[in-house]
Amino acid sequence: MQELINRAKELLESGEVARVLGWKAGDLPYNPEPAYFEKAEDLKDFVYNGFCGANLSKYMIEASKLEGKTMVCLKPCDTYSFNQLIKEHRVDRDKAYIVGVGCKGKLDIEKAKKLGIKGIESVSGAEMSDACDTLTFQTIYGEKSCAYADAMLERCHVCKGKDHMIYDEIIGESRDTKDAERFAEVEMIEAMSPAEKFAFFQEELSKCIRCNACRNVCPACSCRKCVFDSTKFDSAQKANVDSFEEKMFHVIRAFHVAGRCTDCGECSRVCPQGIRLHLFNRKYIKDINELYGEFQAGADAEARGPLTNFTFDDCEPSIVAERG
Amino acid sequence: MQRIGVFVCHCGSNIAATVDVKKVAEMALLEPGVVHAEDYQYMCSEAGQAKIQAAIKEKNLTGIVVCSCSPRMHENTFRSAAEKAGLNPYMVEIANIREHCSWIHKNVEEATEKAVILARAAIAKVNLNAPLKPGESLVTKRALVIGGGIAGIQTALDIADAGYEVDIVEKTPSIGGRMSQLDKTFPTLDCSACILTPKMVEAAAHEKITIYTYSEVEKVSGFVGDFTVDIRKKARFVDAGKCTGCGVCQEKCPSKKSLSEFNRGLNTRSAIYTPFAQAIPNVPVIDTEACIKMKTGKCGICSKVCQAGAIDYEQKDEILTQKYGAIVVATGFDTIKLDNYDEYAYNQSKDVITSLELERVMNAAGPTKGHLERLSDGKHPKEMVFIQCVGSRCSDGRGKSYCSKICCMYTAKHAMLIRDKYPDVNVTVFYIDVRTPGKNFDEFYRRAVEDYGVNYIKGQVGKVIPQPDGKLLVQGVDLLDNKQILKEADMVVLATAIEPNPDVRKIATMLTASIDTNNFLTESHAKLRPVESPTAGVFLSGVCQGPKDIPETVAQAGAAAVKAIGLLAKDKLMTNPCTAKADELMCNGCSTCANVCPYGAITYEEKEVNDHGIRETRRIAVVNSALCQGCGACTVTCPSGAMDLQGFSNRQIIAEVDAICR
Amino acid sequence: MYKIAKENLSALFQMIAGEQELYLPVNNNGQVNFAAWTEGANVDLDTLKSVKSPKDAFFPQSENLYTVTKENKKIKIEPEALKDQNFVVFGMKACDVKGVEVLDKVFLVDPVDTFYAARRAHGTIVALACHEPEETCFCKVFGVDAAEPVADVATWMIDGELYWKALTEKGEALTNAVASLLVDADEAKVEAEKEAIRGIVEKLPYSDLSLDGWNGDVLLDKFNSPVWEELYKPCLACGTCTFVCPTCQCYDIKDYDTGHGVKRYRCWDSCMYSDFTMMAHGNNRTSQMQRFRQRFMHKLVYFPANNDGMYSCVGCGRCVEKCPSALNIVKVIKAFENQGGEM
Amino acid sequence: MSHVNKASQIKEISGVNPLKCMKCGKCSASCPSFNEMDIKPHQFVSYVQNGDIESLVNSKSLWKCLSCFACLERCPRDVKPAKLIDAARQLVVREKGATYLSPDEVPELLDEDLPQQLLVSAFRRYRR
Amino acid sequence: MSIETNEFRPKIVAFCCNWCSYAGADLAGSSRLAYPADVKIIRVPCSCRVNPMFILRAFEKGADGVILCGCHPGDCHYTTGNYYARRRMTLLFSMLDYIGVENGRTRVEWVSAAEGVKFSQTMNEFVEKIHSLGKNVRLGDLRCKN
C-alpha cells in the first residue's frame, strides 16, 4: 500500500495526474469508500486492502470529463470493465493513468457477520502485505477470527485471473483465489425442472426492493437514462411488485448487458438483499460461450460484441428447447 | 389528444360476410381518441375515399384508422387520400381485417371479436403517431449495368439512347456473354454472332456507355438514386490504350495449355489471350496462373513481340469508385455441374457433352472448326442421342426443381442443324414433354420431326454406359410403346439445366436484393413488377431473374432500361420518413447502434447539449435519414431506448401490444 | 410483566395470527425481513436488524390508491379500501419504533394520510429490546434507548425467555388476548438486561458521535458548505439508503395500466434518484450533489426545523451496513465535525 | 372400398406420393428387369394412383423386381417406384397372416430362377 | 358453433416483419388458410425491430404466447436484420427458460412472402402448443389479472 501511496504522491507532485482515484479509509475498519485525492497530503487517508472491493472503472466516466489525467487504481477484474467502457466511448483512455493494483481476493463483511462476528472494532489480516489467510476481528464481544477465504466475495472464488487487461503500471502482488467453477451455480439451475427454476428465481427475486444498486454500480449499465427510468418506453417502473415487474427488470437488465458484462460481480456485491444477481449475467456469458464461441467482454477494447455480431450459420432460437 | 376517425370497409362481402362491420365501428367509437367511426362498402373506391376526406375535414381529424385489407395493398391509397384532405399521410394506420381476419376465420362472432381487437391496436398506435415528412435526395444521373451479356448490352444501349450515362461491368475479358458462345439461334436459325456483334460494337462505340471488362463490383453502398459502387478493374497486364489488338502476342506465347473458358474447356488457349476473335475490347489479358513470366520471372516473349509496347507485367488491380442512380443486374447464367448425375457418364466419356458444348462444337470458331466429330477420337458420329431435362424438373435434391425453359427449343435446333448438315447422322431425342410456347416455336419443333426426321421418343434415359469400343450404350424407355430401349450412340448430348451465375449471391448481398432458393433474384411483384427488385433502384435483366430465351431476355432488358430511365429522369426522390432517430439527451454515444447498421447510416458527433440545465459536450449518434432504411436493428441494440424508429416507435409498438393483450 | 419461553413462541405467533395478521422478522433465503407470519415461516428474532426497516407495515413500498375504469366513454374512480383489520408487528427494535414516530409527524398531521392513519389505528407494535447492539448502531445519538423500546408492548429476550410488558391500551388488549400463553415474571432480570444493553451501547464505536453544530439556525451554513462537493462523490445514486431507512417517507405517484383499468399507486421514491421530484419543466435538483445534500439536510436540518427539533434519523445504522459505496449519515455528520472550523 | 384402402395403405407403407410423378419414365429406363415385367415400373405409379392394386398384387412384376433401387436412386421427383413394389409385397405378406420366414426355412423354398440379388435385397429389406 | 366462455382462449401476439412474414400472413389470408383467431399480428419493419421488452411486455399484460416471424436467414430485406434477431431471441428465450418459463411460449419462425401455407401451419401448431401449456401464469403481472 505504501508503494501505491508513494507512486500516487509522485504522480500528483509531478503534475502528471491531476487527481488520484482510489479508496479512503472509512469510519469503521471495513468500510473504505471510493475517493478522489487531489493533494499529496490527502493521501494520508488512502487505503488499499481486502475491503476495497469497489470497481472504480465506472467512476472514470465522470473523471474523464475533468481537466487533466486521473490516476485510477484498478484491480485485475476492474480492467475488463475499463476496456469495455473504452470500447463504448464512455471513458477516455488518454485521461486515465491506470495503476493495476494487486489483488488477493476481496472481502464481504456480510459473510463474516453471517459467521456470527458482530460488534466489530478492528480487523487484522486484510492488508495487502498480509498473507491473507486468516482474518482476526476485535469485537466488543471478544476476539473472533475466520479464514480469509470464508469471508471472500463470491466473485473472487471464481476469479477470471489476476492479470490486468490494461494498465500503465502494476503495483502490488496478487494471489490466485479461484477455488470454484464459474458456471457451477448456473449449471445447477439449468438442471432444474421448469417449476423448480421458477420457484428458485421467484424466491430470489421476491427479495428485490428495486433500489437499483445493482444497476447503478454496474459499469455496463452506464446509460445516461435507464430505460426503466425513462418515459420514452412506457416502461418506467418504480414500484417493487413481486410478480412480473421484477423479472422484467432483471431479465432486461441482464439482456442489455449481455455480451458487455465482464462478470465483475459488483451487482451481487452491492445488493442489500444478497440476491445472486450474477446468476443472470453468468447465464448469458455461458450461453454466449457455448453458442457463439468463447467471449470475454473487456478482454480487449476492440472485439465486436456477440450481440452486435452474427454468423450465417448461428443456431436457431429453437435450440433452447432442443437442448432441454 | 388525437381526434381519430375509424373507417371500416366491407370489401363487398370479403370482410362483411364474416365480420360484423357495424359492430367494429361501434366498438371503435368507444376507444380513447376516437371521435368518428363509420363503415362502407368499398373504402378504397372513389366514394369511400371521399367519405374519409369529408370526415377529416368536418371532424378535424388528426389521425385515421382504416379497417380493411392488408396495408401492403392499400396503405398508399389511404395515405394519399388523407393527404389530399390536408392530413399528414403518416397519421394513417391500417387494421388488416381481411387477410388477417375475415378470410381466415369462419365464425362471425370470433372474427368480429378479432377485428375489434385489431382495430383497437391500430387506434392505440395512431394515438401515438406523429406527422412525418419524407426527406428528399438527389438522383445521380448515371446507371450501372452488372453483366455484359445480351441482357446487359441491350439495357445499357436503351438507357444510353435515352441520354443517360451507363457503365457496364463485365467479369470476363470481353462483353458478349453466353450469346457469343452460341452458334445459331432459334427459331430462325440465324447466326448468333451475326446479330450479337453489331450490338457489342454499338455499345462499345456509344458515347454514353463506358465498358469495364475484366472487372467486378467490389462494394455497394448508398441507396436508390445515390449508390456508391467500388469497381475492381483487374489487372490485364496489357495497356488497353496502347494495344492494337494485332494478336501477335497470343500467337507467340509459349504457354498454350490452358483450357479455353470460351470453348467450355474443349480446347486450349495461350496464357495471354482474348476469349474470342470478336472480343470487345480486343485487348488480351494475361492469365497469371498460366503465364511463365509471372510464375518464373523468365520468358517475357509477349513483351518482346509487342510492337506497341503494351505489355505491362507490373499492372495492378485498380479500384474505381463511381456514383450511380440506378443499378441493373444482368449477371446471366451457367449450366449446372453434372457431378450428381453419374448415370449419364458425363465425367466418364468425352463423347457425352452438354448442349452448350455442342454449340461450340458446331461453331466454325470452335474446337473442331465447326465439324461435328467425337471429341474422343475425332470420328464422325452416326448415331446421336439427345437427353432432355438433365437436372431440370428434379425435386429430389440432385438438380433444379424448375424447367430450364430453353432446352426443348435449342435441342430441336441442334437436331435440325445436324440433320441438315449431316443427313447421314441419326438423331434421337429422349424427352419427357416438349414445351414450345412462343411465336413460331412449335412450328420449329414440328419441322425437326416432320421435315428433318428427328426421332423423338417420349421417355427418359436411365443410363448411359460407355462401351469398350468407344460407343455409348443408351438405356432408355419408350413410354408410348411401353418398351425399354437399348441404343448404341456415338455421341450423347445432355440438355443440362441452367442456373443463375453463382456470383449473383455475392452481388445480391451487396445490393441487399433478395434472392430465391434457386439463387434467382426475386422480383418485386411476380406479375406487376417483374423487372424490379424489392430493393429500390435495383432492376433485373435477363436470366438472373429466371430462365429465358434470347427474345425474352432482350424484351426484359428493355423493360429494365425503361424502369431505370424512369428513375434517372427524376431530379429528386422522396425518402422514407420512417427512419431511426436518436434522442440526444439520452444517447450514450456508445457506438453499439452503428455496429449493427447495415447502411452505415449512423455517425457520431461531439455535440453541445443542454440536459435539464447541465450543459456539456457529448458524443451523440446522428442518423443520416437518406441512408437509413428503417429496419430498426439499432433501436433494439440501444439499451436506453435513445434510438427510436419513427413510425414504428417503441411506444407505438408497446401500445399495440397492450391493446392486443388487454 | 409477563414472560414466555422461547419454545412457546410459535404457539404465541399461531395464537396471534389466528385473530389478526402478524408481521415479524422472517429469514427468506438468508435475508431477514419483516413478513407476514405463515405456518412454517423461518422466524428469526436473533438477527439484530432486518434488511428493510419494518416501516412497510404502516407505509408499504407500494400501495394502490384508487382504480380508474372506463365504462364506454365514462370514467369511474374506485378508491382503494382503507385498512380495516387489526394487525400486529412483532419484533420491532427501539430505533424502528422511533422511526414510526417520525413517520407519524409526516402522515398524521394535517392533511392526514388516510391510508397511513388507518394502518396506524389498526396496528399494534410489539417491540423487542436489542440484546447485542452492533458497531453500526448509533441510536443513542438520537435519544433512542435500545434497552427499552417505547411501543404498545415492549419485550426482552433473556436466557431463552421472552419478557413481555404492555405499555399501552392496545398493548394490554393484545396481552389479554394471548394471556393463556404468558406467565408472570419479575422485573429484576429485565432490569439487569437493560443495564447490560446500555453498557454495550456505550462501548460502540459511534457512541461518541455528536450532533453539535446541527442545532439552531444552521440551514444556510450547512446548505452552502463546500463539504458536500467532496462527500457525495462516491454516491452511485441508487436508492438503497432510502429504501432500508426506517424514516424516509418520500413517495411517488404513478399509474399502471392493467388493460382493464388504470391503477394509481404510490411507491417509495428516493431523493437519490435523478427523477426525484421531476416536474413538467424538469428537475429542481440537477446534480447528484444536490440530491445527496437533500437527503441529509432533510434528516438533520429541515425535518427538525419543522418538528420541534426531532431529527428524522433514528441511528439504526442500516445505511451504514448497506451503502454500496460505504457512504452513510455518520460519515456526513463526522465530515462536518472535522470541517466545522473551516466553514 | 377395399381397393381404396389398399391404395392408401400402400401410400402409407411406402411413404410415396404418386401425384409427384411427372411420367418421365426414367424408372423404366433404368430397370434391369424391365423385360420380365408385365406392369412396368413407371406403371406401378399410375396403378397406385388409379387405385388398381389388385392388378399390381397379381402381377408378375411384383416378384420380378430385384429391389436394386436404381429407379429409386434416379427418380427426379422422389417418387421411388421400388418403394411401391416393396409396399405391395408387404401388403401380400400381411394378408397371408404376416408370418415371416425364419432364415432356416429359406433354403428349401429357393427357386432356381430366383435372381440372387432379390434374395440379398430382401434380406436387407426385411431383416428384423 | 358459439364460443364457450369458460374455454381457454389464449392471447397470442405475432410480430411479423413487413417484407416476408407479414406478406406470408397476407398470402395465408388470400389462400384462405385458416388459423385460430387467437393470433393477432403486429407489423414491424423487420424482425430486428422486435425488442425483447416488447415480448416481455406482452407476457406482462397477459399474453399466453409470443411468436416472432421474419424473413429466412439470408433473405432479410435489410440484409442482416434477422441474423441479429436470431441471436437476440435465442438469448432471450434461453433466459426465459432459465427462470422457469415454459419454453414453448415463445417461438421464432422464418416465413417468406411465398409461404402462406407455412404461416398458417406455424400458427396452428403454435396455438396448439399454447393450448397444451395452458394459461401463462409465470410471466403475467398480477395486477393485470382480474
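Going by the order they are written in, the chains are A, B, C, D and E; count residues from 1 in each one.
The working rule: contacts are C-beta pairs under 8 Å (C-beta built on N, C-alpha and C of every residue); 3 or more make two chains touch, one makes a residue touch a chain.
In this text, all values refer to a predicted model and were calculated from it rather than measured experimentally.
Trainee: Just to be sure I understand: going only through chains that touch, what's the smallest number of steps from chain D to chain E?
Mentor: 2
Trainee: Which neighbours do chain B and chain D have in common?
Mentor: Touching chain B as well as chain D, we find no chain at all.
Trainee: If you tally the C-beta contacts for C-E and for A-E, which one comes out higher?
Mentor: Spelling it out, more C-beta pairs touch across A-E than across the other pair.
Trainee: If you take the mean of the Cα atoms for each chain, which one ends up farthest from chain D?
Mentor: Result for max centroid distance from chain D is chain C.
Trainee: In terms of CA centres, which chain lies closest to the overall middle?
Mentor: When every chain is reduced to its C-alpha mean, the one closest to the whole-protein mean is E.
Trainee: For chain B versus chain E, what separation do you get between their C-alpha means, in angstrom?
Mentor: For chain B versus chain E, the centre distance works out to 31 Å.
Trainee: Could you please state the distance in Å, as a whole number, between where the Cα atoms of chain A are centred and where those of chain D are centred?
Mentor: Once rounded, the distance between the two centres reads 70 Å.
Trainee: Can you give the whole-Å distance between the Cα centres of chain A and chain B?
Mentor: That gives a centre separation of 52 Å.
Trainee: Counting in whole Å, what is the centre-to-centre distance of chain A and chain C, each centre being its mean C-alpha position?
Mentor: Going by mean C-alpha positions, chain A sits 30 Å from chain C.
Trainee: What residues in chain C touch two or more of the other chains?
Mentor: Residues 256, 259-260.
Trainee: Can you tell me which residues of chain B touch two or more of the remaining chains?
Mentor: Each of 596, 637, 650, 654, 658, 661-662 in chain B touches at least two other chains.
Trainee: Using the touch definition from the top, which residues of chain D touch two or more other chains?
Mentor: In chain D, no residue touches two or more other chains.
Trainee: Name the touching chain pairs, please: which are they?
Mentor: Applying the touch criterion to every chain pair yields A-B, A-C, A-E, B-C, B-D, B-E, C-E.
Trainee: Which bits of chain C are touching chain A when the two form their complex?
Mentor: Within the complex, chain C touches chain A at residues 28-31, 33, 48, 51-52, 61-62, 132-136, 200, 203-206, 233-234, 236-240, 242-244, 252, 254, 256, 265, 267-270, 273-275, 320-322, 324-327, 330-331, 334.
Trainee: Enumerate the contact residues on chain C facing chain B in the complex.
Mentor: For this pair, the touching residues of chain C are 72-73, 257, 259-260, 282-283, 286-287.
Trainee: Can you list the residues on chain E that touch chain B in the complex?
Mentor: Residues 1-3, 11, 13, 18-19, 22-23, 25-30, 32-35, 37, 40-46, 48-54, 57-58, 61-63, 71, 74-75, 77-81, 84, 88, 120, 144.
Trainee: Can you check the complex and tell me which residues of chain A touch chain C?
Mentor: It is residues 26-28, 31-36, 54, 59, 110, 114, 118-121, 139-141, 203-204, 206-207, 209-213, 215-217, 225, 229, 236-241, 266, 269-270, 272-274 of chain A that touch chain C.
Trainee: Which part of chain D faces chain B closely enough to touch in the complex?
Mentor: 20, 22-31, 34-35, 40, 42-43, 70, 74-78
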